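Going in written order, the chains are labelled A, B, C and D, and every chain counts its residues from 1.
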Amino acid sequence: MSSEDPSPLVTIAGWVVVTAFLALIASTTAPFGAFLGDTQYAVVSTVHGMLATLGVIIGTVATYLGWRLFTGKIRAFTDLRILSVLSALIATGTVLFGNWIYVAYRATGGPREFFLKNNPEIHEIFFEFKEFIALFTIPLSIAAAFIIWRYKDQVIGDRPLRTWVFIAIMIAWTALMIAFLLGAGITKVRSV
Amino acid sequence: MSSEDPSPLVTIAGWVVVTAFLALIASTTAPFGAFLGDTQYAVVSTVHGMLATLGVIIGTVATYLGWRLFTGKIRAFTDLRILSVLSALIATGTVLFGNWIYVAYRATGGPREFFLKNNPEIHEIFFEFKEFIALFTIPLSIAAAFIIWRYKDQVIGDRPLRTWVFIAIMIAWTALMIAFLLGAGITKVRSV
Amino acid sequence: MMTERRPNGEAVAALLSAMIGLLTMGLVHTGTDASKDFSTWVLSVGKAWIPNAQGLGPYSGKETFLLVTWILSWVILHFVLRKKDVRLTVPVIIFVVGTALATLLVYTPFIEFILGK
Amino acid sequence: MMTERRPNGEAVAALLSAMIGLLTMGLVHTGTDASKDFSTWVLSVGKAWIPNAQGLGPYSGKETFLLVTWILSWVILHFVLRKKDVRLTVPVIIFVVGTALATLLVYTPFIEFILGK
């Protein structure tokens, strides 16, 4: 008896209204500035962190769909096509903003100087690794997105090819998570 | 001509071997201790953060599948069943470890005292909100997992019910992301 | 086919009880902000069973209220609704509004607004 | 059906060139660790086109090498392989080993190990 009631669209619309209302309250009352610090890099760092988080969300779902592709059970191939492109775009955007912050990181009095004095391993091993492993995400995610768009459904039926695409996606996702976690860890110890 | 070569399993096995090799090198040479700090809460905080990150990964894929359920196009229902339970377990585990850290947060000389003196909004608004919104994930994810297991495939064909389940999952996921980002932000400003 | 179908009452019970637990927690939290005595009592509830509740403060009692009202209302609603098939419109509205209210009640600026602080 | 099928050469080109770019970056990074002069030259490569390359240091040149070798090898391999259907076993092995090596070459303890520092 309940099979069409309430209407999904009406329900979702109601939920969107409630969420928008709560977001409005939050955006007008929450002092987000308290997190920003007062450096000129506050906004850049925030955009970088937000893009990185978005990359984790989108990239994780894309990787899950890559797994479905690998096992040959994918039905949401359209979603994979969209998410593979989004992942590549977000990876590139995150790295661009990361470059911007890197200038501040390296500057005199910046975190690098602090680490080299107090905690050299954090710079020499973890930060050096992070700044390069993050770059792995760009060519790998673009290659995967290119193949998924270029070969369309053909990639679903081609087991060796879809296996390789999945491997590339997994390496990109691993690189993304390493860069994300190291970034969070490093900024916790000392931020720009 | 290339349709079964290389074998997916052999390829994946090769990739696992390479990854394990790299992980072995990292685990024997990377001084992860540099991030831990020297408080008695170092390990607890690390477990909490790792569980939270795992929760974001698992919870995001589960939420994506909740979306597929909502649109009536889900095929990976088995995955949703597994991930919904994992999400509930990880949410509970993360909160338990979070409670443990909370004791250090509130202790004399802890971050709360620091914030109340230097940055009261971070404690009074953001941390207070975070400590409660994180709890939202537990009953909501358990309710969603219960329904998915109890009603099995019936939930796929029941549009109003699957809509409601998706709403509950979305609220839980939003709460998770808010708690995760606030947690990362707060620990960046001042950690236990 | 219809005979195999499970009535949706159990699902309604699971989701509404989650909301009830969260809303109760929000109300208790707001109460502790309004009254020092109430806050002390909430702490004593947490101390009744949580190890190191003193370290957690009144938060331990608020978690207790969430847990107890959620599980208790789930058990009650489960047995009341398990054989029933209900229209979901009203329960969904109650769920969304209740959860939204629970969210506001753990958000300090809103609490200060309704308490007139 | 078979006539519609696209040869897998373009996919091989896309994936191998990504690996080539990353491996080149790893080799250049290791080179800058081994030689101060090389490091200065790598910085000058970055300065050739990246705004504020001085602020980025030699990293700007390493990014440049990644970008140039990746795109250049992609274009070349794309036109060489586009009409070909190749067995994937060997390319996959090259890809996995090359990417793993690229990873090691940006990991300081490994660099110090091979440079004997």
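Basically, a residue touches a chain if its C-beta (ideal position, glycine included) is under 8 Å from a C-beta of that chain, and two chains touch if they have at least 3 such contacts.
Values in this document were obtained by computation on a predicted structure and should not be read as measured data.
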| item | value |
| --- | --- |
| Residual chain clusters - chain A taken out, nothing else repositioned | one piece |
| Centre distance in Å when chain C and chain D are each reduced to the mean of their C-alpha atoms | 55 |
| Chain A and chain B, separation of their C-alpha mean positions in angstrom | 15 |
| Rounded Å distance between chain A and chain C, as computed from the means of their C-alpha atoms | 34 |
| Sites on chain C at which at least two other chains make contact | 8, 88, 92, 96, 103, 107, 109 |
| Numbers and ranges of chain A residues touching at least 2 other chains | 2, 5-6, 11, 15, 30, 125, 158, 160-161, 163-164, 167 |
| Topology of the chain contact graph, where touching chains are joined (line, ring, star, complete, other) | other |
| Pairwise chain contacts under the document criterion | A-B, A-C, A-D, B-C, B-D |
| Interface residues, chain A side, partner chain D - complex | 99, 102-103, 106-107, 124-125, 128-129, 131-133, 135-136, 139-140, 142-143, 146-147, 150-151, 154-155, 158, 160-161, 163-165, 167-168, 171 |
| Of chain A, residues touching chain B in the complex | 2-6, 8, 11-12, 15, 19, 30-31, 34-35, 49, 53, 56-57, 60-61, 64, 68, 70, 73, 75-76, 119, 121-122, 125-126, 157-161, 163-164, 167, 170, 174, 177, 181, 184-185, 187-189, 191 |
| Interfacial residue positions of chain D with respect to chain A in the complex | 5-6, 8, 10-11, 14-15, 17-18, 21-22, 25-26, 29, 52, 55-57, 59, 62-63, 66, 70, 88, 91-92, 95-96, 99, 102-103, 106-109 |
| Interfacial residue positions of chain D with respect to chain B in the complex | 8, 85-89, 92-93, 96-97, 100, 103-104, 107, 109-110 |
| Touching residues (chain side chain A, partner chain C) in the complex | 1-2, 5-6, 11, 14-15, 18, 21-22, 25-26, 29-30 |
